[in-house]
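Heads up, there are several structures right after this.
Two complexes, one shared chain (chain A), two partners (chain B, chain C).
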Partner chain A sequence: MGRSFGFDEFLYLLLAIPWTLLLSLGAMIGGGILGLVIAVLRVSPYRPLRWLTTGYIELFQGTPVLMQLFVVYYGLAVLFNLQVAPWPAVLLAFTLYSGAFLGEIWRGSIQAIPRPQWEAAECLTLSYPKQLWYVILPQAARISIPPTVGFAVQLIKTTSIAAIIGFVELTRAGQLMTNTTFKPMIIYPIVAGLYFMMCWPLSLLAQRLERRIDATLGVKRHF
Partner chain B sequence: MNYVFQFNVVWEHLPELLAGALLTIQLSATAMALGLGVAIVCAYGQSAGPRPVRALISGYVELIRNTPFLVQIFIFYFSLPVIGIRLTANGAALAAMTINLGAYASEIIRAGIEAIPRGQVEAARALGLKPLQTFRLIIIFPAIKTVYPALASQFILLMLSSSVVSTISAVELTAITNSLQSTTFRSFEFYFVATGLYLAMALGFKAALSTIYWAVFQRGRAA
Partner chain C sequence: MPLLALSGISKRFGNHQALDDVSLTIEPGEVVAIIGRSGSGKSTLLRCINGLERPDRGTIEFDGEVFGSTPSQLRALRRHMGIVFQSYNLFPHLSVERNITLGLTAAKGMATDAARAMAARALRMVDLEDKISSYPMQLSGGQQQRVAIARALAMEPRLVLFDEVTAALDPELIGEVTRVLDRLAREGMTMVLVTHEMGFALRSAQTIIFMNQGRIWEQGPPDKLFGAPQTAELASFIDAILPVDPTRPLNH
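Moving on, here comes the complex of A and B:
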C-alpha cells in the first residue's frame, strides 16, 4: 500500500490551486488583449481584416484545446528551435484560445450597440477610432461583463487540460497524489470539489450580473 | 529555422488516424443521442417534478457545469472501480461524455421551455392533457427548435472535448496521434494533421446537425 491520504496530502492539493488560478488569470489577461484586437478587427470596415479574424475564431473554436496545446508546445520546439518548459507553452496556448472566445463574445457586445449610436458619433465628426473608443466600446463593455465572467469559469475548467502535458496545477496534483496514495475515490472528488468552489461563485456572479444588466436595459429576456 | 517538415510519414499512417477519427465520431454521436435524452428527462423533471426532484436535478447540472470535464473522466474511470463499478475505457468515456452533455443541454433546453408562451401550456391543460402529454406534445418540440443553434454548438464542443478522453486510453483520434508521434518523432506534423481532422469533423458535424434540423423541424411541419 502507498501513503494514506491525510492532511499533508490535502495541503498538497490546496497548494496547487494558485497555479490553476495564475494560469487562468494569465490567459485571461493575454487573451483579453488579443480578444479586444480581434473583436475590433472583426467589426472593422475592411473586409480582409474581418475574414482574417473570422478565420482565427473559427480555427480556435473548431479544434480541441488539447490539440492547440500540442501544436503550440511542439510547434515552438520545431519552428523556433525553442525547447521551452511546459508553462510558457501552456500560457501561450491558453492565451490564443481565450483570445478567440473573448474576441467572439466582445464582437457580439459591440454589434449589440444600436446603429444610431455610430451615426450620432459620426455626426459629431468623430473619426472611426474615436467613435469606437469614446462611444461604442464603453457601452459594449457593460453588456459584455456577464458573458466574460462566464468565460472565466470555462477557462478555469479548461486549464485542467494543461495537466496532460505535465504542467502541475490542481488536476495534475490530483493525478500525482493518486499515484502515491492509490485513493482515487477520495482524491478526484476532492479535486472536483475544489474546482467547484472556484467556479460556482463566478457562475452565480455571472447570472446575477446578467439579470441586473437586463433590468437596466429593459430587456425582456425569454431565456 | 532548420527543421525539415516530413509529412509523408503522416500520410503513411493516415488509415490509423482515420480509424481514430471514426471512433471519435462514434463516441460523440452516441453521447449526443444519449445526452439529449438525459437532458430532455432533466428538463421535464425541472419543469414538472416535485421540489426534491428539481433540487436534485439542479444540483447535478451545477456540479457538472462547474467542474472540469477531465476530472469528471478521471472519476468515471479511476474512482468508480473502487466502489465496484468497473467500466472499459470507451465505456467510461461514453458515460462521462453523456453525463457532461446532459447537464449542459438540459440547461439550454430549459431556456427553450421558458420561452414557450404560457398560453400554450394553459390551452393544453384546458384540453385535458396530462402534464407528461403537455410536455411531450406541446412543449418539447418548439422548445428544442428555439434553442437548436445553442444545442448544436454544445454538441460540437462535446466532440472537441472528447480529445481529452485519450488520457484514459480510449483509442480515439488524439490517443492514436499520441502513440504515432511518439514512435515516429514527427510530433508537430502529426498534431497538425490531427488538428485539421478535428476541424473537418467539426464542420462535418455542423453540416449534419443543420440537416437534422431541416429534416425534423422544417419539412412538412408548420411549427
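Moving on, here comes the complex of A and C:
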C-alpha cells in the first residue's frame, strides 16, 4: 500500500496554494488589462471595433475553458513548433479567458451609466477619451466591484482545470497525493476546504461592497 | 449680426417629424423662451442648437460662422454655449467644486488654481459658495440645479441653453432657480429656455416662441403673444396653462 496521509502530505498541499493564487492573480491582472481594453472598445463609436470585441467575448464565453487551455497549450506547440512549459501556457489561457469575462462585466457597468452623464460631459467639451476617463469609468468602476470580486472567486476555482495539463497547483497536488497515498476521501475534501478558505473571504468582501454601494446609491433591499 | 442663426432645421425620429424647417435668429443679450405642448419639438430644437441631436437638414450659424456636424466642429460650437438639463446631470462621484472645474481643467486646459477661483465665483452667482465641497447627493434638487447652472456659467459661454430646468423640481424649490434665471437675464446673458414657467417667460423673455408640430407656430414679444394669440392652437395652449380663476365657478 502507499504512504499514509500525514503532516508532510498536508504540507505538500499547502505549498501548492501559492501556485493557485499566483495563477489567479496573474490572470486577474492580465485579464484586467485586456478586459478594460475590451470593455472600452466594446462601447466605442467605431463599429468594427465593437464587432471585433463582441466576437472575442462570444468566442471565449461560448467555449469550455478546458478547450481554450488545450488550444493554447497544444496550439502553441503545433503552430509555432514551440514547446511551452505548463506555467506560461495556463497563465496565457486564463488571461485570455478572464479578459473576455471581465470585459463583458465592465461593458455592462459602463452601459449602466445613464446616457445624460455622457451628454453633460460632452457639453463641457470634454473629448471622448476624457468623457470616459473622468466621468464614466469612475462611476462604472464603483458598480463593477461586486461582480468583479464575484468573478475572482469563480476564477480561483476554475484554475483547478490547469491540473489537467500537469501544472502543479492545488488540485494537481491533491491528485499527486492521492496517487501516492490512495486516500481520495481524505485528500479531496481537504483540497475543497482549502479552496473554500480562499474563496469565502472574497465572497464576504463582495457582499459587503455591494451593501456599501447600495447605501451610497440609496438602494434599500427587501430580502 | 445675430449671435445664433438657425435656418431650415429639420429632424425626424422614425415616423415622427420632430422638427420641420425651423429657422430662427437670436441677437446678443436676447432672452428667448420656447413654449409648447409636450412633443411639439421644443427640446429637440434646443438639443439641435448645441449638436446633441444632429439635424437631418439645415444649418447652424454662430457669430457668423457655419458649423457642420463633425465631432470636432460640434466641440468648437459647444465651446461657445452652455446647457442646463432638466435632470441636472451633475457628476455624482465628484464634489460640487470638481463638477465645475472639470470642464475648465480637462477641456479648456485651465490651471487648477484658476479653475478653483472660477468655481468659487460661479457658485457665488447662484448663492451656493458654502456648498463647494458637498457632493450632489447631499443637496436638494433646487441646489443641484443651481450648481448645474454654475457649472455651465463657469465655462464662460456666450449663450446658455436651459432645457425645462424647473420641471423636475418640487414647487417650493422652483423659485430659487427662477430667481437665478431672472438675474442672469437682467445681467444681459443670451439665453434660450424651454420652459413651462410662464411667469418667468412673461417677466424676463424678450421673445416667446410657440412651437407646434415641430414648427415655429407663433413668435413675438410676450405681451403680444399672450395678449393677442393669432392662432387657435396658441389660444387653446394659453387657456390650458393659465391658472384657473378660483372666484369663477367651474363650467361642466
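To be clear about the criterion, the second predicted complex is superposed on the first by the 219 of 223 C-alpha atoms of A that agree within 3 Å, B and C clash if a C-alpha of one lies under 4 Å from a C-alpha of the other, contacts with A are read in each partner's own complex, and residues count from 1 in each chain.
Operating definition for what follows: a residue touches a chain if its C-beta (ideal position, glycine included) is under 8 Å from a C-beta of that chain, and two chains touch if they have at least 3 such contacts.
Note that the structure is predicted; figures quoted are calculated from it, not measured.
A simple residue count on chain A separates chain B from chain C, and the partner touching more is B. With both structures placed on the common chain, the touch criterion links A:Gln207 to neither chain B nor chain C. Legend: residue contacts after superposition of the two complexes on their common chain; A:Lys130 is shown touching chain C, with no touch to chain B. Residue contacts after overlaying the shared chain place A:Ala120 against chain C, while chain B stays out of touching range.
Of the two partner chains, neither chain B nor chain C is touched by A:Ser4.
Within the superposed three-chain model, A:Tyr195 lies in touch with chain B and out of touch with chain C [touch as defined at top]. By the touch criterion stated above, A:Thr178 is placed in contact with chain B alone, chain C being left untouched. On chain A, the surface touched by chain B in one complex and the surface touched by chain C in the other have no residue in common. Within the complex formed with chain C, the chain A residues making contact are 116-117, 119-128, 130, 134-135, 138-139, 142, 216, 218. If you check the complex, the residues on chain A that touch chain B are 59, 62-68, 70-71, 74-75, 77-81, 153, 157-158, 160-161, 163-164, 171, 174-175, 178, 184-185, 188-189, 191-192, 195-196, 199-200, 203, 222-223. The part of chain B that touches chain A in the complex is made up of residues 1-3, 62-63, 65-72, 74-75, 78-80, 82-83, 111-112, 114-115, 147, 156, 160-164, 166-167, 174, 181, 187-188, 191-192, 194-195, 198-199, 202-203.
Those residues of chain C lying in contact with chain A across their complex are 50, 52, 71, 75, 78-79, 82-83, 85, 87, 89-93, 102-103, 106-108, 137, 151-152, 155.
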